[in-house]
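Please go over the structures that come below.
In the two complexes that follow, chain A is the common piece, with chain B as its partner first and chain C second.
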Partner chain A sequence: MENTVVKIDSLVKRYGDLIALDHFSLEIKEGEIFGLLGPNGSGKTTTINCLLSLLAFDKGDIKIFGKEMTPTSYDIKKDIGVIMQNVAVFDELTVYENIDYFCGLYITDKAERKKCVDEAVRFVGLEDFLKFRPKKLSGGLLRRLNIACGIAHKPKLIILDEPTVAVDPQSRNKILEGIQELNARGATVIYTSHYMEEVEKICTRIAIMDKGKKIAEGTKDQLKRMIKNTETITVEVLGLTDEVISQIAGLPHIYDHSYDGSLLTVFCSGGKHNLIRVMEVLQKNDLSFGRVYTELPTLNDVFLEVTGKALRDKED
Partner chain B sequence: MFLHHLKYDILSMLRTKALVIWLIIFPIVLGIFFKVAFGSVYEKEIKFDAVPAAVVEEEEDPYFAAAAKALSEGDDPFMELTYTDEKEALSLLKNGKVKGIIYAGGELRLSVAGSGSGETMLKVFADSYNAQRKVIVDTAENDPARLPKVIEALSQEISPATKVSVTDGNTDLYNQFFFNLLAMVALYGSLLGINITLYNQADLSPISARKSCSPAHRFTGLLATLVSCILMETVCMTISVTFLRFVLDVDLGKHMGLVYLTSILGGILGVAIGFFIGACNSFSFNTKVGISMVFSMLACFLSGLMIGNIKPFIQQHCPIVNDINPAALISDSIYCLNICSDYRRFTIKIVTMAAMTAVLMILGLICTRRKKYASL
Partner chain C sequence: MQVFKAFMKVMRTRLPSILPYVIVFMIISVMISTVGGDEERFTAEEMKICIFDEDDTPQSHALAEFIAKGNELVELENDDDVILDSLYYASVDMVLTIKDGYAERLAAGETEDLFTTKHIHDSYAIALMDQLLSEYVVTVDGYMAGGQDFDQAVESAIGTLSKETEVTLVTEDSTMSKSEYFEGFFRYLPYILISIMLNGLCPVLIVMNRKDLRYRTNCSSIKVSSVSVQTFLASAVFVGAIWLIFVVAGVILNGGLFVGTAWLAVLNCLIFAMISALIAMLLSSFNVSDNVVGVITQVISLGMSFLCGVFVPMEMLSSGVLSAARFLPAYWYVRANSMISGTEHFDGSKVLLYMGIELGFAAALAVITLLIRRMKYNRADSVNA
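Here is the complex of A and B:
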């Protein structure tokens, strides 16, 4: 269970003047679903492409299954399943032919291959689209085809680079469940995404990266323990005076707050009964309030605290 | 593994509409267009009536008699001969009943009154006969059994060669359109050839990046795409040649086998050009398609696809262009094969084409040798 599957050591990759990966290191153990989380442009795809020996890098060391990874490491490659960020299928081939083509790069025996392809088709739920060309598939189905092409040969290590971009929620859930199932069957998974919910949902361990650097790593609980925020309280309340606000700010365990005239947000660090104490202040001042809610920290808070900026792009 | 690659490479190529259009449909349409637009004009000119001539036998000459017989018989006789005495012959010539008088017996002598095409044809005939006479006489003395064969060969050689020199290259011009059309199909092979790198060099497409992650050896994939391009181009060339020859009834001569082989070699040269264009630069795929198209069209233009007599012009001012322009090489070699039966020139063209193909393929392979890329 504790075998190291992937070991990246101090990887440096430059594109001209831009340092895309800055001494990036990673160790992934057998059986993990390892999440690589970071905003667009943080270097996730670059990491994957270096890992697969497609990209030349400036410095560093990459081992997969304990062996040096090179472009000709065919014995390593045969056990890897790759789902690229950019969908890689032939537009002129049908769904079935595409899966058969990619599976055939790994499995030469025809009968065995047919079994694998059929299984992959069922796994991603494309049975009704076997004769379709990729152009006729919706975004979600296309991504599922891309995944089927990557996993049909039953690899030990599966690398998925943002497999859910531009995917409808239904396909997204199907994909996430599929990844967990593949993992349950024994595959080690590397999963990159800029959607923290996805990573939180399925990954057993997570590395957060920004600007080519790893800024945090651990299980999601470990990550959340790393930051001082433990609870965020939000209250709908009108007409707060500065006096009341300063009373609230003065409560124990509260390290930050904001008020925009209708919504009060209070950030707490440790302690218990924070919500009750905030309520008490409001009641004491005879203020009536609308909805009240409290949130536990998310990976976004982790990212926010480590980098000083939000993880998510505004639009998604 | 090679066959697995090959199967799907061919399948996806056959289903790529653009390729089918440019390599099969477009040449057929253009061929029909040439036929309709120029066919009626040129075909009249290449229809020859037999040239009337008088023969005055100064001495009995069985060899001439045999050759003359071979040339004045058949569906498409070359001459229409009247055997007579000198006086009668002169009066026929004066009245315009014959174009010339042939004095037979030993070296042929010719007497003509004008300078039209009929006269020229008689002149070429007399020259060729005199040039070959020694062969005929030798054969008759040493191996009489072969004589009919030799005479047959002689007459077959004289007839078309004479007709051509008489038409001032007009038939040439007409046939040149079709030869250049074949050259165009061959060079469109470059559109296939650029796929070789597109599908096998990881920095050019997600598919090739994906292929590079698999345990399939890259060279196998490259070779398979190369072979599939060559097969596809061979099919396209065969379709074009067959269509021109057997549907449009274009005269491609009697060496059809060699015409097919030459066209296919030209097609392979086209594929090699595409392979090289795909490999030697880092432009986007669409730019490479553009380069291939422009290159093919320019080469065909210089070789006379659009303007018939541009080639002689280039031959005069910058002959090197014709020696290395692939379109000119292809159309010229078919031309050499058919019109003038010039095998020496044909061989030079073929060898040049083969050498260019080899060089381009090797350069292509060198350019695609890299395995890791600085940027994807």
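Here is the complex of A and C:
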């Protein structure tokens, strides 16, 4: 598993005055499901487009399978499968014709291609929709068609750019399972998303990016260990006085807190029994409280701590 | 050939929008050819004529013989019912009765009321036959007035009139100048070709040029040049097919293969089909919606057709319009076509010059299209343009 599949070195991409990628570097090993996590506009798609030589970039170096990637690197391209952020299929062709077309750009032998297309159809579960035009498919099915078009030729490296945007939960799970299955069959996967749950669920290694820069990288456990937050406690409680709040703030291992009149949030770093100690303070002051829960750190906390803002926008 | 095949499949979905143009044009052409083509039937085709020679003189025999030439003589019983039936069922087109005393009265200089003709179905051919008969008597009369005796005059008249018919036949066969539909058929084609290319080819090119699909194609192991070649090839096949349809239709409506310079009209038509395709390619460089394509198609096809004498003969257009029309390719197409079809005096070198100007328009369109595409793709920072 030590073979490097993708190596991006100090990539710089400008759109006019905007620096979309700022000395961005990445190394992806064979067999990984590599997650590229970042909010909208952080440069994920730009990274993918540069990686695929679809965009010219200003500086940097890109190697795939140990060879330099250029627009004419057809020997490299034949082993890559791409699923773009937007569904890119012919509205005029049927489901089957679409998959056959894109597969045929890689595999010219008819019999072999048919086998590949049939397999891809079964893989994404579109058997009942072969004669449908894309316009007749639901959002989830359309995404699956988009994926089938990208993987039918059995690529060694599969790149998926936000493949689950605007997909119902059921289809989303099917897609995530499918990606894991493809990886189990031997494909290296690059997966971009702004949904941290997805990335946490399937990715073996993750890079978090913001404003064209890589701000953290590692397995999800490594990433979470990088930050001081280990536990976040939330309590529904009314009428806390400043006195009580400062008592809680003074407890050990608590480094931050917030209260909005009904919801108390306490951030802890290390230590055990933090929740019990918070409860004790409330009981001592004869305060009755509603729901109480504690959360382990998420990638969102990682992002929050490194950038000072939440990963997911409210509207998502 | 994946790209080529996909192109054709996308084209298949466009057929419903171009078929009406082909069909309507065919119907109009058939109508033109059945109206305008009768003159040809008179000279080229036979009429079934029945002659009752009540005069029965050498002179009346000579006339009957003259009429019989190039026509089919039918024998009928001289009975009104039989005649009417035969005319009705078209087993005979015309019944000519040379009246008793024909020779005598003609010799005396009378030209009226020498025979009667009967027919039911009016046609141009019958009208011409009537005209030929009166011309015959007038000519005989004329020769006699010129000093010839009766028999000589009959001989001379037959000689002159047969020569005239022959001349008409010859000119028609070589340049088809009299074939009105021929000129009309090719004159209206620019409108049809532009409409078909803009409604059929342009949307397909826009699809094949969709940025997301192009990105995906560019990610694959197919060569960018191969994509271009296949797209071009598919476009060329489409243009060729449309051209062939109209050539074949023209041959069928013409009632036979084109002869001589008529093939220049076919070549002219191919050049204009290419120009139309290039206009479609230029338009497809801007990612316009189907509706916009529809509007632009109407503006270009109707505008160019009216300005350049496709719909209205050029003689009816003002000189201002015509001098503006010079900057449009359809103008030169129509000029070339008028010469080829004989509406204007035929001058081979001028026809070639006009076609050369059309090719110049084609080259200009191709260059502009390439420049625009290069500019657009550079702006998108794409290295794969």
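Here is the rule we go by: the second predicted complex is superposed on the first by the 316 of 316 C-alpha atoms of A that agree within 3 Å, B and C clash if a C-alpha of one lies under 4 Å from a C-alpha of the other, contacts with A are read in each partner's own complex, and residues count from 1 in each chain.
Convention: a residue touches a chain if its C-beta (ideal position, glycine included) is under 8 Å from a C-beta of that chain, and two chains touch if they have at least 3 such contacts.
All of these numbers come straight from a predicted model, not from anything done at the bench.
Partners chain B and chain C clash in the overlay (superposition on chain A).
By the touch criterion defined above, A:Gln170 lies against neither chain B nor chain C after alignment on the C-alpha atoms of chain A.
Shared-chain residue A:Tyr15: touches chain B and chain C both.
Judged by the touch definition given at the top, the superposed model places A:Ser288 against neither chain B nor chain C. With the shared chain A as the reference for superposition, chain B clashes with chain C in the stretch 6-14, and the other listed options (6-14, 78-86, 96-104 or 114-122) are free of clashes. Chain A uses residues 15, 49, 52-56, 71-72, 74-75, 77-78, 80, 82, 84, 86-93, 97, 101-102, 104-106, 149 to touch chain B in one structure and chain C in the other.
By the touch rule above, chain C contacts chain A in their complex via residues 2, 5-6, 9-10, 12-13, 207, 210, 212-213, 215-224, 381-384.
Note for the complex: chain B touches chain A at residues 1, 4, 8, 11-13, 15-16, 202, 205-207, 209-218, 371-376. Taken together, the chain A residues at the contact with chain C in this complex read 15, 49, 52-56, 71-72, 74-75, 77-78, 80, 82, 84, 86-93, 97, 101-102, 104-106, 149-150. Contact residues of chain A toward chain B in the complex are 15, 49, 52-56, 71-72, 74-75, 77-78, 80, 82, 84, 86-93, 97, 101-102, 104-106, 108, 149.
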